[in-house]
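Each chain gets a letter, A, B, C, D and E, in the order it is written, and its residues are counted from 1.
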Amino acid sequence: MLDDVTSYLKSDTTPGQAGNFLWAFIYILLIFLGLSVAVIAMNWLERKILAHMQVRLGPMRVGPHGLLQPIADAIKLLIKEDIMPSESDPFVFWTAPLIVVLTAFTVFIVVPFGPTHAVTDMNIGVLFMLGVSSLSVLGVVMAGWASNSHYPLMGALRSSAQMVSYEIAMGLAVISAVLMTSLNQSGTGTLSMIGIVQAQEAQATWFVFKFFPLGLIAFFVFAVAMVAETNRAPFDLPEAESELTAGFHTEYSGFRWSLFFLAEYSAMIAVSSIAVTLWLGGWLHPFPHWLSGETWDLVFSLFPGLTFVFLAGLTFYSVARMPKHPYFRVQTMGLAGFGAVLGLIGLALFAPPVRDRVQDIYWFAAKVAGFMYLYIWYRGTFPRYRFDQLMTVGWKILLPIGLGVLIVTAILGVVL
Amino acid sequence: MPDETKSPPPPPTGEPKGPAGAPNAPSVEPVPAKKPGDPAATTDPAAPAAPPKPAPPTAAKPAEPAGGHTPAPPAKPAGPAAVAWDSEMVCKLKGQYGSGIGEASTYLGQNYMVVDSSLIPEILHVLRDQEEFDYCVDITALHYPQREKQFDVIWILYSFARNQRIRVKTLIADGEIVPSAVKIWPTANWLEREVYDMFGIRFDGHPDLKRILLPDGWKGHPLRKDYGIIQQDNEWVQINLGIESGQ
Amino acid sequence: MVPITTLHYLVVAAALFVLGVIGVLTRRNVVIVLMSIELILNAVNLNLVAFSRLYGLHGQVFAIFVITDAAAEAAVGLGILIAFFRNKETVNVDEVDLLKW
Amino acid sequence: MADATKNVSHLELGDTDKTFLDSNELIINMGPQHPATHGVLRVILRLDGEKVLGTECVIGYLHRGVEKIAENRTYAMFNPYVDRMDYVAAVSNGLGYCEAVEKLLNLEAPPRANYIRVILTELNRLASHMLWLGTHALDIGAITPLFYTFRDREEILKIFEKYCGARLTTHAFRIGGCLYETYEGFEQDVTKFLKFVTPKIDEYEELLTTNRIWVERTRNVGMLSAKDCIALGVTGPVLRASGVKWDLRKAQPYAAYPDFEFEIPTGQNGDTYDRYLVRMQEMRQSLRIIEQAVGKIPEGPIMAKVPKVIKPPVGEIYHSIEAPKGELGYFIVSDGSTQPYRVRVRPPSFVNLQALEQMVRGQLVADVIAVIGTLDIVLGEVDR
Amino acid sequence: MQPVATTFFFYFLAAVTVLSGVLVITRRNPVHSALALILALLGQAGLYLMLYAPFVAGVQIILYAGGIMVLFLFVIMLVSIEKSQKEEQFNNMWIVGLLAALALGALFIGVYVKGRDLFAGREVALPEQSNTQQIAILLYGNYMFAFEIASLLLLVAIIGAVVMAKKRI
């Protein structure tokens, strides 16, 4: 048992590959918890950021600056009455959200947060991710069908058509990235997620800059397709509120609805992880080759701690700005406590053994967080596409571009 | 669907309206200055009846004098009077249709003419095609329960070319059918439905004449004068809303 | 415990195949018949992949071809189904008894 | 209400070819409680997949019998009721009614009152267009403009509140003029507002006008040619977007409008995008009018000599004004008593809504939303 | 990845696959059948993984479960299933069909058991890490022609499906 723990810490491979089930299990648990926390945080952040984009404050009541709002929401959703339409198909109605959530979470098995920080590394990692995430469309279709109502059905038809179409563009973009991994001495590429990042490390460039602007275009295709794939604005047609009320989950409420919610956000994180892995160098810190050496390593390894300390500083600044009225005493104390926790985490991250292990995860998470911000930004800015326009974008713009990039990449790979 | 709504005009049950005497007295008051070239104008039975008891200035009572549509209040010295509407168009129409065109006057700078109901589709066509009244602003009706021809149906037309607005009126009895203008102006569709809904006037040739603002099964036509202000279709309310009364 | 050999996989494949055949032969609903055909194809795939453990990767390549075929078959089959349903308002195979409609 | 299928049997269907599974024409009941119907509008859509084969509007959920009420109130008592029709442009409603009764009484509001009326009405036009822009953009999926426009509309409502104490249903005008004198600092407030809002309109345009998705969603959607517009009686920005340069403020000027210079913005294609542009331009023109008006409000009385008991002579009048939604007309028949014999309101939203059928047939479901938004209907006015 | 608990996983996946297969052909509701089939396909993907065929497993998930089955569900939704659910589910000759199929199954098993020596002990652990590369080499080398034909086949299928399903082209 103890041996298992220590052996992994010294090894340079993922627990899954090493057959270290204890650590694999720990990772699964960590990912599950981390994802849940991330979704909760995303919920709060999205509402806050969107609110500030729209000249309003967002949640301010539950907890200081609405920090406890997502928790309150979660409690509300869990204890809410669970309504099932009388004419629905109960079995399918129940399994649909489960499938969506399961697929959204299963994807994370192969996401490499670091060279050793993953549950496992499959040699078909990318294929696995695409495949499993494509399964979520099943849940969507089932949800729409089982509700036995027109709006959900139309929402389901829309989203399944949308997801299936954009998967193709997405796949082409992914293939061009995979093709780039084969540009080495042996000429063999890899589908393994860790292998792809290692290839970027070996080729001394993030694939987004590879064959400029080819990598960038492929990345762009993927970035658009992934927004469509997760049904987010401006491609949020399946749940276009103004047209189809809430799309395929119109009839869902309470706990089951929260499963869809959870799945949507985890799917966003999942596709962002793929994008980060394939094009933005995964866990590599910025400019890994220009800024290398002992000093830079130290500087970069300080970042996680600095981020948390900065957040703690921000929190304490907010504490100082809280109204001094005794009514807000509890809130102020809560905020200060939150800041203290953040600060402590930050300090802990400065400890040398921790910071070396955490650095990779930090850079990965930071890049994913960038994508999450983009998601929110899109939502605040763009109107919604119409369905036929969405299909036009998918089939007539992204697909040819993706195909072209793939062909040119292949040619360049052979020529160079 | 709207079949049951066409009921014979119930006797006025609301507040008693108007002087009881001679509600349908023929016009005694000569309508101001008819065109000389229109001999039949005054003999038109459908001609707008001037108020038999011309709006008493002391009309503080709620009673409305019957036939109050005619804008000829002789007892009102300060008030503007309706004058004959002199225009080429009216001359032409009168020449063409003779007695079909009744009164044509201008009141407060606004022109209107009264047309026999049988001529309606034709006149409207002519007005649209030859006189460029291409925009049907509104269709509405007035109810004068004391008159024999209870209803005025009014088309308000506008001509973009002339920047002029006219009103075409016709007088019909309860239950009489007015030709629909939907073929002439599509906009008449909902407007006629509203007139039907509110007054129970049927339009011949309307593609889908049914209630528009009130629910389909409602009984009664609220803008008739004999429909009280707090009156409602209790039966409908009980069946559809499950409450005793909407009040 | 008995080690799992190729034979085990073959038995599973045979079971799937038989289930598929039963479905094709007995069900009336075209959709389910088509799904049964998918089961049969999958049974074949399982055989191919299982044999590829004995005879090299060719079996897996063939499995991929079979999957391609299955996709094509599903597309055309469902297209026919839709055309059929549009004309006869039913999805029963028994009622596909005209050469022309 | 009858069930959806029953109503749909009345749909007149031009398009009989069915490209999908014949038996599965989808009938969707949009509303009366739907996020994008701007109130309690119910639209029954007959769909072929996503394509709209026919629509039927079921209205009347907000019917309050305003016209009947009018017959049982005195002229002055009915004045506040008109605010409840188009509740986002209550001031315009009041202006139309007051002017109609004034015409019937054959009197005119004093110039100062007319200037105040113009300023408030144009402010109200701005408020109405802002609300339209926010909700229209929201329907098309852009959520941010809604908050921007509501923020700026708030300033207008503040001016209303300071002027007459109410924000929405203002009852700002009386028959014969205005009841309230402008408050201390009214001109400054309005001028400040003009300065504040001019860049804001640019801000909205920045978000939307050149936004590719916005343009794609609105271009060639809900086309209405000038001929159709006139045949359907559609007025207001919708008519002008089809290229008809017609605005009652110019065609048959009322209040103090002849004193001001302003343009009538028009579009060419009569699509949703043009209507958007026209309304944006109209907001700028309104600012222009207010700017001119606020600088030279004449001194003098704000109320004409109106008899204590308003008793117009027997007669009838039709008076219409250019409300934010289109031609708002009042047809008032007097029998010489203190109560109108009949008040007929010619509601622009009601008539414009009728064009929905023609605008969306053959288009997609998403366009229905865009078109309902672009028609700028207020159900309070549709149903009265 | 060393296979672990092979026996358990094999029996588990085999049971899932076969039981789902049974559900596929017995369910009255085609949607339930389709769901069962998806489960069977996923179970089979697991079996492929155990057979050192990760690429085929991935393709199975993407194409079958993610693609073909979505198509199936789509079509099931379009054709109204209420009516078909009320009808007789099995055709008149189901006994004959059942017997024939079972006989076929018995034949299979018989042949396999007879020929078990042919397979025994010949299993080799295929190289899993380079599985995809090797399949690619075969696919674009030996089977190039077949590959091209398959792509043509798909094209034909696309056109065929469109022609079939669309009334008016």
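Definition applied: a residue touches a chain if its C-beta (ideal position, glycine included) is under 8 Å from a C-beta of that chain, and two chains touch if they have at least 3 such contacts.
Note that the coordinates shown come from a computational prediction; the quantities given were computed from them, not determined experimentally.
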Q. Starting at subunit A, what is the smallest number of hops through touching chains needed to reach subunit B?
A. 2
Q: Decide which interface, B-D or A-D, involves more C-beta pairs in contact, and give its chain pair.
A: B-D
Q: Averaged over CA atoms, how far is the centre of subunit A from the centre of subunit C? Could you give it in whole Å?
A: 36
Q: Just give me the whole-number Å value for how far the CA centre of subunit B lies from that of subunit D.
A: 27
Q: Provide the C-alpha centroid distance between subunit B and subunit E, rounded to the nearest whole angstrom.
A: 76
Q: Could you please state the distance in Å, as a whole number, between where the Cα atoms of subunit A are centred and where those of subunit E are centred?
A: 31
Q: Could you list the positions in subunit E whose residues touch two or more of the other chains?
A: 55, 59, 67, 76, 78-79, 131, 167
Q. Taking each residue of subunit D in turn, which ones touch at least two of the other chains?
A. 21, 23
**Q.** subunit E contact footprint on subunit A (complex, rising order)
**A.** 16-17, 19, 89, 91-92, 95, 120, 122-124, 127-128, 130-132, 134-135, 137-138, 141-142, 144-146, 153, 156-157, 160, 164, 167, 188-189, 191
Q) Where on subunit A does subunit D make contact in their complex? A) 50, 53-56, 150-151, 154, 233-234, 236-237, 240-243, 245, 379-389
(Q) Help me check something: in the complex, which residues belonging to subunit B touch subunit D? (A) 1, 51, 55-57, 59-65, 68-73, 76, 78-80, 82, 107-108, 110, 134-138, 140, 142-143, 154, 156, 160, 163, 165, 167, 185-187, 189-191, 194, 198, 207-208, 210-216, 222-223, 227, 229
**Q.** For the subunit C and subunit E complex, residues of the former touching the latter
**A.** 1-12, 14-29, 31-32, 34-36, 38-39, 42, 45-46, 49-50, 52-54, 57-58, 60-61, 63-65, 67-76, 78-83, 85-86, 89-94
Q) Which residues of subunit E touch subunit A in their complex? A) 1-2, 4, 29, 31-32, 35, 38, 54-55, 57-59, 61-62, 65-67, 69-70, 73-74, 76-77, 128-133
